[in-house]
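Got a structure for you, questions after.
Order of writing sets the labels: A, B, C, D and E. Residues in every chain begin at 1.
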Amino acid sequence: FELGVVAFQMSSETHARVANAVEAAARKKGWDVVVLNSNGTLQTHSEQIENLVQSGVDGIVLAMSKPVEFDAQMQAVKDAGIPLITVMSGASPHALFDIQVNEYAVGSESALYLLGQLGYEGKILTDRFESNVGTRIRGKVLDVVLSENQAVEVVGSHSMARTKSWQEDVRNGMNALIMQNAGNFDGIWASFDGQAFIIDDLLKQQGMQKGDVVLVSTDGGPETFRRIKSPDSMLMATVAIPFEAMGEAAVDAMQKIAVEGAEKETITSGPYLYMSADLVDQSNVDDFIKE
Amino acid sequence: MSDILTVRNARKSYGAVKALRGADLSVAAGEVHALCGDNGAGKSTLIKLVSGVERPDEGDIHVRGEKVRLANPHDALAAGIATIHQDLGLAPRMMIYQNIFMGSELERRVLGIKVLDRAAMIARSQDFLISLNSVMRDMTAKVENLSGGQRQAVAICRALRWKAEIIIMDEPTAALGVRETEEVMKLIRRLKENGVTVILISHNMHDVVAVADRVTILRGGRTETSLSTDGLTSQALSERIMGGA
Amino acid sequence: MRDFIAKYGTALAGLLVFVFLLVFARNFASSANLLNVLKQTSFLAILATGFTFALLTSELDLSFANLASLAAVVTGGLIAGGTFWALAVVAGLAVATLGGLVNGFLVTGVKVPSLIATLGTAAIANGLTFMITGGVAFVGRWDPMFLALARGELFGIPVLVVVMAAVVLIAWFVTRKTRLGTHMLATGEAQEAAHRAGIATRRMKLIGLTLSGFAAGIAAVLLVANLSSASPQMAGDYLLNGIAAVLLGMTMFEPGRPNIAGTFVGALIISMLANGLVLLGAPYYLQDIMLGVIVIASVSVSASVLKKAAFSV
Amino acid sequence: MRDFIAKYGTALAGLLVFVFLLVFARNFASSANLLNVLKQTSFLAILATGFTFALLTSELDLSFANLASLAAVVTGGLIAGGTFWALAVVAGLAVATLGGLVNGFLVTGVKVPSLIATLGTAAIANGLTFMITGGVAFVGRWDPMFLALARGELFGIPVLVVVMAAVVLIAWFVTRKTRLGTHMLATGEAQEAAHRAGIATRRMKLIGLTLSGFAAGIAAVLLVANLSSASPQMAGDYLLNGIAAVLLGMTMFEPGRPNIAGTFVGALIISMLANGLVLLGAPYYLQDIMLGVIVIASVSVSASVLKKAAFSV
Amino acid sequence: MSDILTVRNARKSYGAVKALRGADLSVAAGEVHALCGDNGAGKSTLIKLVSGVERPDEGDIHVRGEKVRLANPHDALAAGIATIHQDLGLAPRMMIYQNIFMGSELERRVLGIKVLDRAAMIARSQDFLISLNSVMRDMTAKVENLSGGQRQAVAICRALRWKAEIIIMDEPTAALGVRETEEVMKLIRRLKENGVTVILISHNMHDVVAVADRVTILRGGRTETSLSTDGLTSQALSERIMGGA
């Protein structure tokens, strides 16, 4: 069995985590795997799907793809009789299903956690990322939540302008905001964990202690959990999206449907296979830390 | 004879350097007019004004009695003035025939569309060069691979190509051999016979005396004098240039 | 012989890669796949053709990819907003061409070096795409007539391939067979000499940069139709690949000089590699590495016999 | 006067922006923030200084950003894997320098044009970063001594600023005051003339490209220490910004020629803008638009008085 | 007199062009040796072999009786051979003094570190130029802004700077004025008095006869003859070059 995997943008860690999990799970089954990276370029992504169809793989998994944009390519996959499963992409009529967490729910969890910690009152900084669907949705949900809670005021906001060297971009931008608003904010909302790590380090350098400000973000992962638990990190909570589990689930489903010939309906009846994203804070972080 | 080209009181500075401080030039139609002077006297600068490469800070240029504004080389060519510059005249990595026809390529019509006529340009380039007694045969050779003298010959052909009424040559024989220099001298005489006015800049006094009708001498950016070559020896001319003031 | 290798070394290396893929890459030789490669080449080839025009007059255009992205979101945004698709296409072409014209004006009028001017317009175009889209893609199921621009066929040949062939052939004709092309070349080869020969060198540079923008517009429209969506930076990655195609091309046919035939073969080599490496099942990071190695290796063939590095970009 | 504007026009424009930000951007003028801007400049300034060396010998290096990313993941990976940090730093510096040396060898030995050679090594380096990381960042709590490389202070001055000052000053000294620098300049200005004057022009180009790699290594180590993490492409966006800094610099002090002082001021202008716009609360896309506008505008000031466009890159 | 430089049976082709087809040259120590011939005869090519710019396809070069391999210009300079080439010798955008000292910059020590000695280079450049009777005063002017003759003077100074035993000048006076040409002729005589061997390429037969001890004539890439200038008139030499074969 040969599996083709295309991740939309490997330099985004979450894409890489999904792709790597799919690859690892497939190899465990003894399959051949080709992993491709579209570098965040739409046209490249479409070409890679086309090229995989030409190469005659037995199954395709797409990570963070886009069903509307790549409708034609996904249709070609279906027409070639190749089973297609997407992860965190959205539903496509040509795919078996999309493995998904509900980004809107994820967004509301982190937003409400932050506001709850602040007692629905205070000043916050935000760090956003508009070029990515997931992070953008989280930001919009935050805005909706804030519009209902006028006592919480955004005193400074930074948006990542870069997609490659975003780390320095975040560090520089947030550093400027933190200094500009020194002592004048109670919480920071970050659109994904990578941003939160950098902000956390900045706050630490300002000599802050856990609890001085509330830092929340989304994604999850060992480093995130370590920081949530650690007494000298400002990171209070994340919404852990099970990227690895999603990758494994894609391979398991592929095995059942494409190899064992099971019906798609035995796995999920709708266009989505929903997985749960858990809010992780100090109360439950130990459940997530694997030794 | 009426003047075909006059320059009056031309001034030109480059930053602090005053290259021309009031130079005059009167060239009669049909004559061969030499321009002489030390290095840095302003000869090339004066020529640049007349060929549209530079604009004067002050001073007028008249062609055939009419005041003209030569904003760029195209204007000068359109006014019938073709120039062989001392430097920078050729595109080294382009071919001989492309250099000769640069800016005035020959075309033919194919299905009503104008298309370059390469064969014609090659053939006519060959004719031009033969008329200079050059032994170059491959018109598609690149100019960068030519010897110093061969390049000079190509530059001369470009100027001939324009069929201009006034041809200016800024040291055309500097790089040429004895044989080739003689050909250029013959060519200048031939041009004159055909009614073309030639302005020649040269440091070779023998050539100047042999071919020119009049000489204008520049010194330090000013016109020192303008005299006929009748009965002038090269020795006397040399002294005129070096002595003076 | 040296001459032959200097002129055709890179193309030969490309041919070798082609033969290798024919033999070893499963399905590479299928006509469907080969057509696929051609289709995938089209965007790159069109963009690189435009860049070739600019470079021919010795000006770099670092903005073409971002101008294409801008034209794409303008076209996509208008269509998504309900404008008739043909009007949106014209608007997209106009925006990119205008961008090229602005580059040309900055370079020839204001005398800003092209590297800086186009880097500047590239940054501005990039900012504008985000301003227009807010980072969100325009997507939709658009007029089939519009989508046919990229997905349709003409006499059995994909429209993409037809458009690419037309662009490349016209460009080849203009550069090689017309006075305009010769004047652009002379401007690039020896600006001062061309100027003194009465050539309007500034206009040539203006035309070169404008054509680069226009080509970006064509590629943008095709990209939008092909993906039925438009998002910021959607053509961003074509910058380096486009430059690579032109530079690869400069090692072929007319070594040291940007030329359309070379650009086309260069684009073909790059797309062929991308396709072939997938079919060979190479992991993604090996693809980048192989691309780099093959580009360097194939250029080495011709470079090693060129006495002086004849590249002055 | 013309001369003054040609030489200092861009710097003056930068000064204007500075004054504008002082007045209108809340907190911009605080000493902490200004120190911040200096710190943020360091990475860009160091990378751009390396690029200046390459460009001084008339070779482009399009690989420095990816070499920096590669060096970063090597350093980060080794530290994360338990190697003593100083060794990891040496390894990172070595990898980037080796990359520069390979570029130099390809350009001077194999005679591959630098644009192609460095585009190739850039692709290879990019592939390697993904091979090493699998796309996942190395993060962790690293030795405070290592982190102090970027976050510590020396006599009250941030180490980052000290390192940047050292790199820039040494580079300035070498280019302006030593025979090596003069030979590099002569190589870049007139390769054939320099060769005939007995200068080892190939060695100069080799040195230029190697120094570019070395500078990328320094910047990489500082980046990793500053972020206590290393991920693929983490320096990728510095490519265009680094080039922009050098080109901005070429409009100052020695118009038309890459020069260290200009590069430094160019880097400063770019970082100052990025910081100032955040403080002004400008939307993120304005950052790109403003950068483009200011780059073009400031270059126009000096370009308009330079008669010929004295840039031949 | 013993030969300081000999070239035997040198051959050099560029693609299909045979620039040299077996050229010989024997230059005695301390003499002024002229090299003459038509454009394209191969003079510059022969000089390029001797100055390390090109490698011969065939043939040997001996300096002071020893066979040498001149792999690059640096080797030739190290062997005591300095050359003023017909083209490409200068860096236009660099300053006069930088051009004169290119490749052999003067240094001084500051705190034990070698640093360029700009003041010394400027002062010595000025001295060199004054010895050529040049009127240039600003040693920091860019070479691209100089007149044709001024550039030539800078190139000559560069060669003088090397204090070489053999100085080769490929048409050094082509762009020079009457006055400046005389200075170069004086300079050549002065060099000779100081025991320097000079190889001069020139198309000006007057100059050749006036200054050279011997002349070697090239034609079509081969050495035609080598003769003493004793009693030779410029007229006779011209005929020798043009006639022959």
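Brief remarks on what is shown
As a convention for this text, a residue touches a chain if its C-beta (ideal position, glycine included) is under 8 Å from a C-beta of that chain, and two chains touch if they have at least 3 such contacts.
Which protein is which chain? UniProt says B, E = Monosaccharide ABC transporter ATP-binding protein, CUT2 family; C, D = Monosaccharide ABC transporter membrane protein, CUT2 family.
The structure displayed is predicted, hence computed values, not measured ones.
Minimum number of contact steps separating chain C from chain E: 2. Shared contact partners of chain B and chain C: not a single chain qualifies. Relative to chain D, the most remote chain by averaged C-alpha coordinates is B. Separating the CA-averaged centres of chain A and chain D is a span of 32 Å.
Mean C-alpha positions place chain B and chain D at a centre distance of 49 Å. Centroids built from CA atoms put chain E at 28 Å from chain B. Multi-chain contact residues of chain D (touching two or more other chains) are listed as 130, 283-285, 287-288. Among the residues of chain B, none is found touching two or more other chains. Counting partners per residue, chain A has 7, 10, 37, 130, 163 as the residues that reach two or more other chains. Every pair of chains meeting the touch criterion is listed here: A-C, A-D, B-C, B-E, C-D, D-E. Listing the residues of chain D that touch chain A in their complex gives 26-27, 30, 32-33, 36, 40, 43, 130, 134-137, 139-140, 151, 223, 226-229, 231-238, 271, 274-275, 278-279, 281, 283-285, 287-288. Listing the residues of chain D that touch chain C in their complex gives 60, 62, 106-107, 110-113, 115-117, 119-124, 126-128, 130-131, 240, 243-244, 247-248, 250-251, 283-293, 295-296, 299-300, 303-304, 306, 309, 311-313. Looking at the complex, you find that chain A touches chain D at residues 7, 10-11, 13, 15-17, 19-20, 37, 130, 156-169, 171-173, 175-177, 179-180, 194, 197-198, 201, 205, 223.
Chain contact summary for the complex, chain E toward chain D: residues 51, 53, 72-74, 77-78, 83, 85, 88-94, 98, 102-105, 107, 114-116, 158. On the side of chain E, the complex with chain B involves touching residues 14, 17, 37-41, 44, 86-87, 135, 145-150, 152-153, 171, 174-181, 203-206, 238, 241-242.
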